[in-house]
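Two complexes follow with chain A in common, the first pairing it with chain B and the second with chain C.
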Partner chain A sequence: MTKTLSKNELESWLGNILKERTLVAPRCVDDLTLFLPVASVDEIAFDCGNTDLSPKDWFFPRTEALFTAEHKDADIEITPAVIEQETVIFGIRPCDAKGIAILDGPYLADPADSLWAQHRAKTTMIGLSCSSPAPQCFCTSMGGAPFDSSSVDILLTEVNDGYIVDAVTEKGEKLLQGVELKESDVSGSVPSCDTQVPAEGITEAVKRAFDDPYWGRLADRCLHCNICAYVCPTCYCFDIRDRTEGGKIERLRTWESCQSKGFTKIAGGHDPRVDKGSRLRQRFCHKLLYFPEQFGPLGCVGCGRCVVSCPVNIDIREIISDVQELGAKVGEGSS
Partner chain B sequence: MREAADMVDVNPFVPFPATLSRVVDLTPDVKLFTLELDNPEDGFDYKPGQFGFVSAYGAGEAPFGLTSVAYRKEGLQFAIRSVGTVTYALHQLEPGAKVGVRGPFGNFFPMDDYRGRRIIIIGGGIGFAPLRPVITTVLDNRKDYAEVVIINGARTPQDLCFATEFDDWAKAPNTKVELTVDAGDDNWKGRTALIPDVVADLKPSPENAIAVICGPPIMIRFTLQGLKKLGFGDDQIVTTLEGKMKCGLGKCFRCNVGEKYVCRDGPVFTFEQISGFIEQF
Partner chain C sequence: MASDFTQQIREKARELLEDGTVECVIGYETGSDGISARPAFIYNAADVERLVFDNTCTHNLVKYLLNKKAKSTAVVVKGCDSRALNLLLSERQIERDKAFVVGVVCPGIVESRWNERSEQLQKRCDWCRQHTPVVSDFMVGDPVTEQPPADFADVAEEEAKTAEERAAFWQQQAERCIRCYACRQACPGCYCTDCFAESLDPEWVGIRIAPAESQMWNTIRAFHLAGRCISCNECERVCPVNLPLSLLNRKLEQKVLELFDYRAGMSEDAPAPLITFKKDEKLGIAE
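This part shows the complex of A and B:
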C-alpha cells in the first residue's frame, strides 16, 4: 500500500507551509524556470520538467556573506552570518537533490562549512519524481534514477489523480504531520532515461587519458563563459572577497569557475593552467576523477543542464564516451 | 557522518582578531609583518612550513607562509610582497592596526626527521620566507643537525630577503651562506647566477642530506632536476608549493594539483610525491 495526496490537497498543504516558512518552488520567469520563493501556490510551475538553474543557490548562494566586520572604536567587530530562515524546497528533482547531497562530502568534511551546514539543517526538500525525463538527461548512467528518493526528505510521484507520498526522513515526516494521506494501491510507472552514458570505470579511463591532446582540441572552441559551472548542481568552487559599504565590510563568497582565466594564477604571475585545454580538463577531471577519489560518488548527477547550456556544444556525455575510448587505447599501449 | 545540524556552530572563515605589532622593510617591496593575537587563548601553534591567511579588512585576505617559529613566542611573522589588492592594503598598515588571521594550515617540514642530517636550504625571492623557520630551528638547535648550506637568491641585491640576518647565519658553526642575484650592481660581491646554476656549481653531496626548496615554480623545477643529477634521492628533496587559494580548508578547490590540495595535502611535498602528481604544478 502507498500513501497518496490529491493535487488539491497538495496545493492546500503547500499553502499552509508557506504561511510559516519560505517556500521555494519552480517558477516561470520570462522564458526561464527557476527555483524562487513563492508568495502563493498559484505561482508554482507544477509541470515544468527540470528547471534551467539547479537549486544549489539555496544551499550555496551565488553571493553570500560569510561574516560582516565593522570598525568599533579601535577594534573590529565580527558578526558571523547566521541562517535563521526555515525553508522548504518543493519540486526538487532526484538528480538535483543528489547533487546537493554529494556536496556534503567536501562541505561537511572537517572543519565543516558552517553556512552550508546551516542551509542543510534549515531546509526541507520535497522531491518530485521525474515521470518524463528530458532528452539531455542521463541520471541512470550516473548512479541515479528518476524515482530516487535517497537525497530528499519527501518524494512525491505523480499518478493519475494526484501524488504518491513517500516520507523519507524524519524531517520529511515532521513536515507531513497533520496532513491526511489516503491509503492506495496505485504505483507510478517507472520511466527510463533514453540516453545511456558509459560512465562505468570512467575514473580510471580519465586518469589514463590525462595527457592526451584531446583536451586541447576540445577546448579550442570553449569560450570560457562559465555557464557550465553556473547551471551545474555539483560545481562548488568559490571565490572570496570583501565588499565595503558605509563602513560595513562584508566578506563575500561567490560562485567561481575553473574555466575562468586566472582561476589558478598566483601572486608572482605563474599560472599552472594558463591554456584552455588544461582548464577544461580540470573540469572533467574534478567531476570524474578527483571528486570520486576523495568523496566516493562521481561529481556529476546527469541532469544534462551543461549539455543544453553550452553555447559551443561541449557535451559531457560525448566526453565520457571519448575518454573511455582514449583510456582503452592508452591502456593497450602501456600493457 | 555527523548530521549537518551538529556542524553549524563554528564558522571556519572567521579570522582570529590580531594586532599588527611591528612592520619592517625587508626589500623595496617586501615587508615583515609581526602580528599578536588579541586573544592569546585562541591559540595558534604552528610548525615550520605551515601558513595562515592574513586579513586586511575591506581589501580581503590572502595566504602567506609563516616565517617565524612558534617556540620563540615573538608573534606571528609573515614576509609579504606588495603585489596585489590584499598585499597592497597590508603594506599601507602601521603598527597598532587591527587585522585578522586564520590558521595554521597545511603540513610542515618534519624537522625532527632531519636531525643528524646535512641540510641544504635553497630559496628564491619571497619564496625564502617559509624557509626561514627551518633555518631558525636548525640554528637554535645547532648541535642536532649536521652541516647547513643556505642558498638565497633574488632578482637584485636589494631584493634579497632577511639581509640583516645573513651574518648571523654565516657565523653559526658548520653553516655556509651563498647569496646570488640575477643582476648585480657595482657593490655586489656575491654571485650573479640563477639558483639551479649555483646548485650545479656548489655540487652539494647527497650523502646524509636533505634539500629544502622554495621559490617560483620554474626555479623549483630546475633545482629539482639539478639535485637529481647530483644523486639526491626522491625522498631527499623537499619543496613547498604555492597555489591560488581562497579557503585553506580543502573546500574552494582552487589550489589542487591533480588530486592533491596544496592547502591540505601540502604545501610541503617531497620530490617523491611530486613525481606522482598527475598534473604539472
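This part shows the complex of A and C:
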C-alpha cells in the first residue's frame, strides 16, 4: 500500500507551508525556470523539467556573509551569521538532492562549515520523481535514479490523479503532520534515464589519463567561463573577501570556479594551474577522481546542466567516454 | 549550400595543413547532440573530414586567435566574425601574417542550443549588414550586396519606457546575473589580462554576486565595448540566464554611429573614435 495526495490537496498543503516558512519552488521567469521563493502556490511551475540553475543557491548561496565585524567602544564585535528562517524546497529532483547530500562530505567534515550545517538543518526538501528525464540527463550512470528517495525528506511521485507520498526522514514526517494521506494501491511508473555513460571505473581511468595531451586539446575549445561550475549542483568552491560599508565589515564568500584565471594563484604570484588544459582537467579530476577518493561518491550526479549550458559543448558524458578509452590504452601500455 | 561550403572548407583546410601554411585550422564540427555545431581545432590533414559548416555555426572563432597557441592558424569566419579580426588587428592583438582567414559568406545563423535547433534566424542576423567577410584570404560563397544599415527598433522600444520602468527592468535582469563572465570569455573584444571586475586593488566592483555589482559589471563591460563591439552578439547567446545584453551594446553602437559615423571592425585602418583625439572635434554635446 502506498499513501497518496491529490493535486488539490498538495496545493493546499503547500499553501499552508508558505504561511509559516519560506517556500522555494521552480518558477518561470521570462524563459527560464529557477528555484525561487514563491508568494503563492499559483507561481509554482509544477510541470517543468530540470531548472536552469541548480538549487544549491539555497544551501550554498552565490553570496553569503560569514560574519560581520564592527567597532564597539574600544573593542571589535564579531557577529557570526545565523540562519533563522525555516525553508522548504518543493520540487527538487532526486539528482539535485543527491548533489546537495554529497556535499555534506566536504562541508560537514570536521570542522563542519557552520553555515552549510545551518542551511541543511533549517531546510526540508520535498522531492519530485523525474517523470520524463531529459536527453541530457544521465543520473542512473552516476549512481542515482529518477525516483531515488535517498537524499530528500519527502519524495512525491506523480500518478494519474495526484502524487504518491513517501516520507523518507523524520523531518519529512514532521512536515506531513496533519496532512491527510489516502491509502492506495497505485504504483508510480517512473521511466529510467536512457542515456548511459560508462562511468564505472572512471576514477582509475582519469588517474591513468592524467598526463595525456587530451586535456590541452579539449581546452582549445573551452572559453573558461564559469557557467559549468555555477549551474552545477555539486561545484562548491568559493572565494572570500571582506566588504566594508559604513565602518562595518562583512566577510563574504561567493561562488568561484577552478576555470577562473588566478583561481590557484598564491602569494608571491605562482600559479600551479596557469595553463588552460590543467584548469579544465582539474574540473574533471575533482569530480571523477579527487572527490570520490576523499568522500566516496562521484562528484557528478548526472543532471546534465553543464551539457546544455556550455556555450562550446564541453560535454562531460563525452569526456567520460574519451577518458575511459585513454585510460584503457595507458593501462595496456603499462602492463 | 551547406554541404558545398563544408566541402570547400575541408579542401582548403587540407591544403593549408599539408603544405604547412598553418599548424592549426579553427573551424566547426558537429557537436555531441548531433545537430548543432561547435568549435573544432584541426591539427592534422587526416582530421579535416570533421569540419562542417551549416546555419548553426554561431561561435565567433576569432576569439580563439587571442590564445596564440599555434605559430600560424587558419580561422573560419562569417561576416560579423570578420569584423572582430579588424578590431584585433587595429588594436595590435593579433598579427595578420599569422592568420589565414577562411571567409564564409554567411547564410544567416539560426537559434540553437544543445539538442534544440530552430529554423528561426538569430536576431543579430536581422541587424546584420555584413554577410560577406570584410577580411579574407580565401572566400567560401559568393559575396552578396548588403542592405542599408538597419534601424535600432529594439533600442527605441526600450527607450520609450519611462526611467522608472527601465530601472525596474534592469534591476530584475541584474538579479539573475551569476557573474559567470561567459559574456566576457566569448567576446573577441574582451582580452584584458586583468579584468576590472576581478581587480582587488583597486576594487572597482565588489565581490558580491548581487544586483548592484552585476549592474556595475554589465554596464562597465558594455562601455568598454563602445565603438568596439562588432555585433556578433555572442555575449547574449552564451549567457546562461538570458540577459538582454544586446540592448546595452546596441544603444552604444547607435550612439557611436550617430556621433562618428563609425562601425567597429569595418576596416583595419579607420581611426577608432574613442581612442582618437582630434583637437577641433566638436560633437554637439553640452554646447
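Just a few scattered comments:
Keep this in mind: the second predicted complex is superposed on the first by the 335 of 335 C-alpha atoms of A that agree within 3 Å, B and C clash if a C-alpha of one lies under 4 Å from a C-alpha of the other, contacts with A are read in each partner's own complex, and residues count from 1 in each chain.
Quick note on the criterion: contacts are C-beta pairs under 8 Å (C-beta built on N, C-alpha and C of every residue); 3 or more make two chains touch, one makes a residue touch a chain.
Given the structure is predicted, the values throughout are model-derived calculations rather than measurements.
Model built by superposing both complexes on chain A: chain B and chain C fit together without a clash.
Of the two partner chains, chain C is the only one that A:Leu32 touches; chain B does not reach it. When the two complexes are superposed, the chain touching more residues of chain A, out of chain B and chain C, is B.
By the document's definition of touching, of the two partners only chain C reaches A:Arg217; chain B does not. In the overlay built on the shared chain, the residue A:Phe67 is in contact with chain B alone; chain C does not reach it. Of the two partner chains placed around the shared chain by superposition, neither chain B nor chain C is touched by A:Val274.
In the superposition on chain A, A:Asp239 makes contact with both chain B and chain C. Contacts of A:Val307 after superposition: chain C is touched, whereas chain B is not reached. The superposed three-chain arrangement places the nearest Cα atoms of chain B and chain C 6 Å from each other.
Note: residues 239, 241 of chain A belong to the chain B contact set and to the chain C contact set alike, using the contact criterion stated above.
Considering their complex, residues 1-15, 17, 57-62, 81, 83-84, 87, 98, 100, 125-126, 216-218, 242-244, 246-247, 249-259, 278-281 of chain B touch chain A.
Listed in rising order, the residues of chain C touching chain A in the complex are 31-33, 36, 38-41, 59, 63-64, 67, 69, 113-115, 176, 178-182, 184-186, 198, 200, 206-210, 234, 237-238, 240-242.
Put simply, chain A touches chain C in their complex at residues 29-32, 34, 52-53, 62-63, 135-136, 217, 220-221, 223-227, 229-231, 239, 241, 243, 252, 254-255, 257, 260, 262, 276, 307-313, 315, 317-318.
Per the touch definition, chain A reaches chain B in the complex via residues 66-67, 69, 71, 74-76, 78, 80-81, 104, 106-109, 111-118, 120-121, 207, 210, 236-242, 244, 249, 251, 253, 256, 258, 263-268, 270, 272, 278, 282, 285-286, 289-290, 293-294.
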